[in-house]
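Going by the order they are written in, the chains are A, B, C and D; count residues from 1 in each one.
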Amino acid sequence: MKRKILGSAIAAAVAMAPALSPAATTVSDGIVKLGVLTDMSGTYSDLSGPGALEATKMAVEDFVAKEKPDFKIEVISADHQNKADISANKAREWFDTQKVDAIVDLVTTSTALAVMKVANEKSRISLISGAASTPITNEQCNDTTVHWTYDTYALPVGTAKAVVKQGGKNWYFITADYAFGHSLEKNTADVVTKSGGKVLGNVRHPFPGSDFSSFLLSAQASGAQVIGLANAGNDTMNSIKQAKEFGITPKQSLAGLLMFISDVHSLGLEATAGMYLTTGFYWDYNDETRAWSKRFFERMKRMPTMVQAGDYSATYHYLKAIKAAGTDEAKAVMAKMRDTPVNDFFAKNGKVRIDGRMVHDMYLAQVKKPSESKYPWDYYHIRQVIPGDEAYIPLAESKCPLVKK
Amino acid sequence: MDIFGIPIQALMGQLLIGLINGSFYAILSLGLAIIFGLLNIINFAHGALYMMGAFCAWIGLTWLGLNYWVALIAVPVVVGAFGMLIERTMLKHLYQLDHLYGLLLTFGLALIIEGLFRYRFGISGESYPVPELLSGGFNLGFMFLPKYRAWVVAVSLVVCFGSWFIIERTKLGSYLRAGTENPQLLQAFGINVPLMITLTYGFGVALAALAGVLAAPVFQVNPVMGSNLIIVVFAVVVIGGMGSIMGSIVTGLGLGLIEGLTRVFYPEASAVVIFVIMGIVLLLRPAGLFGRER
Amino acid sequence: MNGKHIGWIVLLLLGLVAPFLVYPVLVMKILCFALFACAFNLLLGYTGLLSFGHAAFLGSAGYLCGYTVQGLGLSPELGLLAGTVGAAALGFMFGSLAIRRAGIYFAMITLALAQLVYFLALQFPFTGGEDGMQGIPRGHLFGLIDLSDTMNMYFFVLAVFLFGFWIIERAIDSPFGQVLKAIRENEPRAISLGYDVDRYKLLAFVLSAALAGLAGATKTLVFQLASLTDVHWHMSGEVVLMTLLGGVGTVFGPIVGATIVVSLQNYGAELGQWVTVLTGVIFVVCVLAFRRGVVGEVALLIKRSGIRP
Amino acid sequence: MSTDYILQTTELTKEFKGFVAVDKVNLQVQRGTIHALIGPNGAGKTTVFNLLTKFLTPTRGTIRFNGIDITPEKSAQIARRGIVRSFQISAVFPHLSVLENVRVALQRKLGTSFHFWRSARSLDLLNGRAMELLEAVDLQSFADSVTVELPYGRKRALEIATTLALEPELMLLDEPTQGMGHEDVGRVADLIKRVAANRTVLMVEHNLGVVSHICDTITVLQRGAVLAEGPYEVVSADPRVLEAYMGTAHG
């Protein structure tokens, strides 16, 4: 209780400050407060977590240095432990008592959905980079949410199209048996058939699983050329590891439908070599990405994942929109974010659509063989650039109520 | 030839895989049964210690350059010693109390161990390579059996039945069994019962660590690998009934097989099949399949 | 029973004042968990049964309430009713299976049954799997009071909590409660006095499950979501911790325990990965050195100082 | 059958994993007597008690109470029939008050024991009867104490009061004087004698002084089987008993 009172006293003191300076931007309390709400310790802490916080801080530092804004920016963070109720509660509290203006990252869909609803109700902005599911910009979309980096449509679809094109016509799916796995499988299977491929079958595994050998044997028996892994995290990693153990790869190839560079890093190239995957960002793509990623590496001792890079990009774009709009009022800022193209190391000519989707180019990557990897984190060949309009669900097919208006 | 539409060859493969998983269940439930027998404590930290075994193998390899074969011996000893330390410093104080406190203490320990490993190693964990001698596999005709998996089954069968032999057929084992029934009497015979309890706990923990080392090359070594497995092992233990050492081994292997079959015929149910069996067994035999009468 | 009256008055005053001092949603969360822990304590503290599967009742009631309100479009009070009745039914099933064994077996059986519920919750389509049920409307209480207003919701939650707590307290201090205590103290003796202890245990279990369900259903309305968190076995562990920390078998202990644990999680969110470790350490310390819990220790202090002039 | 037997067992047998704890015991307890069950350690006395009250299930044999076969019944049912037992170690509810201990036994008859919505004050109408019972065992001045604080002998007395509350036809007392000081033994023995006035008592007892003093019939068990039976004078003169039991016990 004491802390609370103290906290609001400080906030009040700070609120006095902008009245003194001639302010062009009318920002509530003179401070733009960003809350990084993510998984700091659980399953997704490697691909987002502390790295997401660091990336957000980098964006703020760079923005302050370059744009010299006339408002203060603060970053706070919390661990939502992948629990929807904790994140909803934290978000509410941040909005009500800490005057947080936007919430960043939000890994895992359940927490993202919970928070974006609260934020919308309170007229604040959600900058989602970590969460994957498409409902965020479809059935559940709202006008204060931006979904930045990737989703469960863009990743599998890009991979499936490319793999089918290269001759991998017959697919078999190993699917995590819950909503997320099902939708990942369905999105991919649709593309496979549309592109002229064939789905030979699927098997649903319990979540979380640890032994995938039975399912892999079924996949092997199907004779499919490509085994699609419609799962995530440790499930994907164990599937890949055991596929190699049972001699399934490289005879049949695997397609990771939701994979991050942190997964490849943990598994090692030995187990992952040759796999196709789609990513929204690769650190070693060009000079710009390398420059930023090396700065990130110095701070985190790891290369950034696409989620972390996306956090930076989203934060920067958001801050720029505040400056341009001259206010931190959510609707106005959202309008500016939509109007301004995203141009930074992360995205070229990216655009924020009406449904909240930030559309940008995706990359089809193939994991290098150990012999091809020349230096640490040298993991991918970028085989193809997938234009944003092809990568994401077209607005015409969107189920977002905002679109129909 | 088909059985319910599944080629018999594929079925053989799946059964074999069920047996492999059953081996892990068997070693873990055996460790739990041994600890429970003498200490009357359900060792909730068993999963965390299993995870610790896997990580110690990885640490040994990566930081100290100790290969798999050294780890196979050294890790159970080290983790077992750690277990004895826990017993001496903490569990010892709980024997006079309700046995539930032992469960609660080990639950807390599991959280601490898991949390610390999570802090140090992150969640996605590390990869442990299959030892060179055991890489590759046999082509059995109906399936490709990785050598390493065959090795896991062999080791676990040897360890399980070895433990059974020691406990049920040797003098040392007879002390153990007597200690389960009547510790005071055993003490009166001049046997150092507290030491025996410490060593027993250490042995049970060492079994968990051994399972961890065996699992390291098969699964991704990560901090939560134990906590998901342990609940299933608990169900195995409830089904088996903790009545006998042999019971825990047989139930572990058997349930592995049943789970394997479920994965063929109805994969969606493979996560719950063990719990469903547990419900049925409890209805018919509340004490479990091999449980002692109340 | 003067101490108990004072306790009630303090509780009421705190309940009325708290939302003006502390963030009200946090207080609502504390109230939900306090009710959950009190329901659990009815079983552990007054019947001597350690259930390690209570999350199943909290969580499934949350889903049922969410489905009633969102899927069927019924009013919030019916949602609470559905959750409570559903949890009671589930409790009856669990109880019938589990009370046939005592002690550690009982704990393990409840744990395993709860895990079954977890898998079902993950796979049933209406629960939304990993994503959970989101955006559940709070609706209008009895069609009149708008619960989307934070203060209205708060006082509704407070009323639900006090109602649940009153039932638990009454059950403890009833003819039934006397038998439960006798069973806890000396089960064989209770049997030899002619009590079918299994039936008493079963009723206690069902009561506990129903009230845990009430807590879960209320929580769903507060946060407008139901998720897998509440059915996961970690939640079953957490409620044990709350009860143990506050004081097993004390009337007010679980409330104190729930307050501490929920606050720790809330303010500890900045601590990130250390929360798990810290939770574990509290567990170990409680078991080794602090078995009476906060309220138990305080009661002991008061008693001791009372004996000395 | 000319004599009135309240309890009869035929060929009562209990086997544990290859070990026979109770071997074909035919026990006959005459109504209105105090009947003692004696025998060396491990003779199976407590096992017999556990079988009679169904805390253990007999492997073979039958138990008849008032001529009715009660072998398949459950413990609590048997208690409600009027066979109430005590335990080897004191069987009280340690953290209830002394009065509450007795009241728990009385309240079952009220039929409100499942009423979780009713105040415990509704039980106060039993307090009068409870105090009478406490008076009978000389505990009235301890009524409000927490039971755990009573001295051992008093706990045994309380246990008897609780048992009496159920007005049992047959009381089974498992070593009621065990672990007591000399004075307490005398008092409890007298108490048993007193309460046995209009009921039947079957007791396991080690203290032969007590047995000889208050018991009418004695059954001697050895290795699970009946060795001898009869009044104290007859049994104590039996050479087999002397060899098996008396010899060692007083050696």
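As a convention for this text, contacts are C-beta pairs under 8 Å (C-beta built on N, C-alpha and C of every residue); 3 or more make two chains touch, one makes a residue touch a chain.
Because the structure is a prediction, the values reported are computed rather than measured.
Visitor: Kindly list the shared contact partners of chain A and chain B, in label order.
Guide: Chains in contact with chain A as well as chain B: C.
Visitor: Using CA atoms only, can you tell me which chain is the most central one in this structure?
Guide: Taking the mean of all protein C-alpha atoms as reference, the closest chain is C.
Visitor: Which chain has its C-alpha centroid at the greatest distance from the C-alpha centroid of chain C?
Guide: It is D.
Visitor: When the centre of a chain is set as the mean of its C-alpha atoms, what distance in Å lies between chain C and chain D?
Guide: The computed centroid separation for chain C versus chain D comes out at 41 Å.
Visitor: I'd like to verify one number: the distance from the centre of chain B to the centre of chain C, where each centre is the average of its C-alpha atoms, in whole angstrom.
Guide: Taking the average C-alpha coordinate of chain B and of chain C, the gap between them is 32 Å.
Visitor: Distance between chain A and chain D based on Cα centroids, please, to the nearest Å.
Guide: 73
Visitor: Roughly how many whole angstrom separate the Cα centroids of chain B and chain D?
Guide: Distance between chain centres: 45 Å.
Visitor: Out of chain B, which residues touch more than one other chain, so two or more?
Guide: Correct list: 115, 118-119, 268, 271-272.
Visitor: Provide the list of chain D residues touching at least two other chains, using ranges where the numbers run on.
Guide: none
Visitor: Taking each residue of chain C in turn, which ones touch at least two of the other chains?
Guide: Residues 119, 123, 273, 275-276.
Visitor: What's the contact topology between the chains, one of line, ring, star, complete, other?
Guide: Per interface graph, the chains form some other shape.
Visitor: On the basis of the stated criterion, which chains touch which? Give every pair.
Guide: Per the contact definition above, the touching pairs are A-B, A-C, B-C, C-D.
Visitor: Could you list, by residue number, the parts of chain A that touch chain B in their complex?
Guide: 41-47, 177, 203-211, 213-215, 217-218, 221, 233-234, 237-238, 241-242, 245-247, 262-263, 265-268, 270-271
Visitor: Within their complex, state which residues of chain B touch chain C.
Guide: 36, 40-42, 90, 93-94, 97-101, 103-105, 107-116, 118-119, 231, 234-235, 237-238, 268, 271-272, 275-276, 278-279, 282-283, 286-287
Visitor: What part of chain C is in contact with chain D in the complex they form?
Guide: Against chain D, chain C makes touches at 167, 170-171, 173-179, 181-182, 185-186, 188-197, 199-200, 203, 207.
Visitor: Considering the complex alone, what residue numbers of chain A touch chain C?
Guide: So the residues of chain A touching chain C come out as 1, 3-4, 40-41, 45, 50, 76-86, 88-90, 92-93, 96-97, 108-110, 113-114, 117, 133, 135, 140, 177-180, 206-207.
Visitor: Which bits of chain B are touching chain A when the two form their complex?
Guide: Counting only chain B, the residues touching chain A are 7, 10, 13-14, 17-18, 20-21, 115, 118-119, 122-127, 129-130, 137, 143-144, 146, 148-149, 218-220, 222, 224-225, 228-229, 260, 263-264, 267-268, 270-272.
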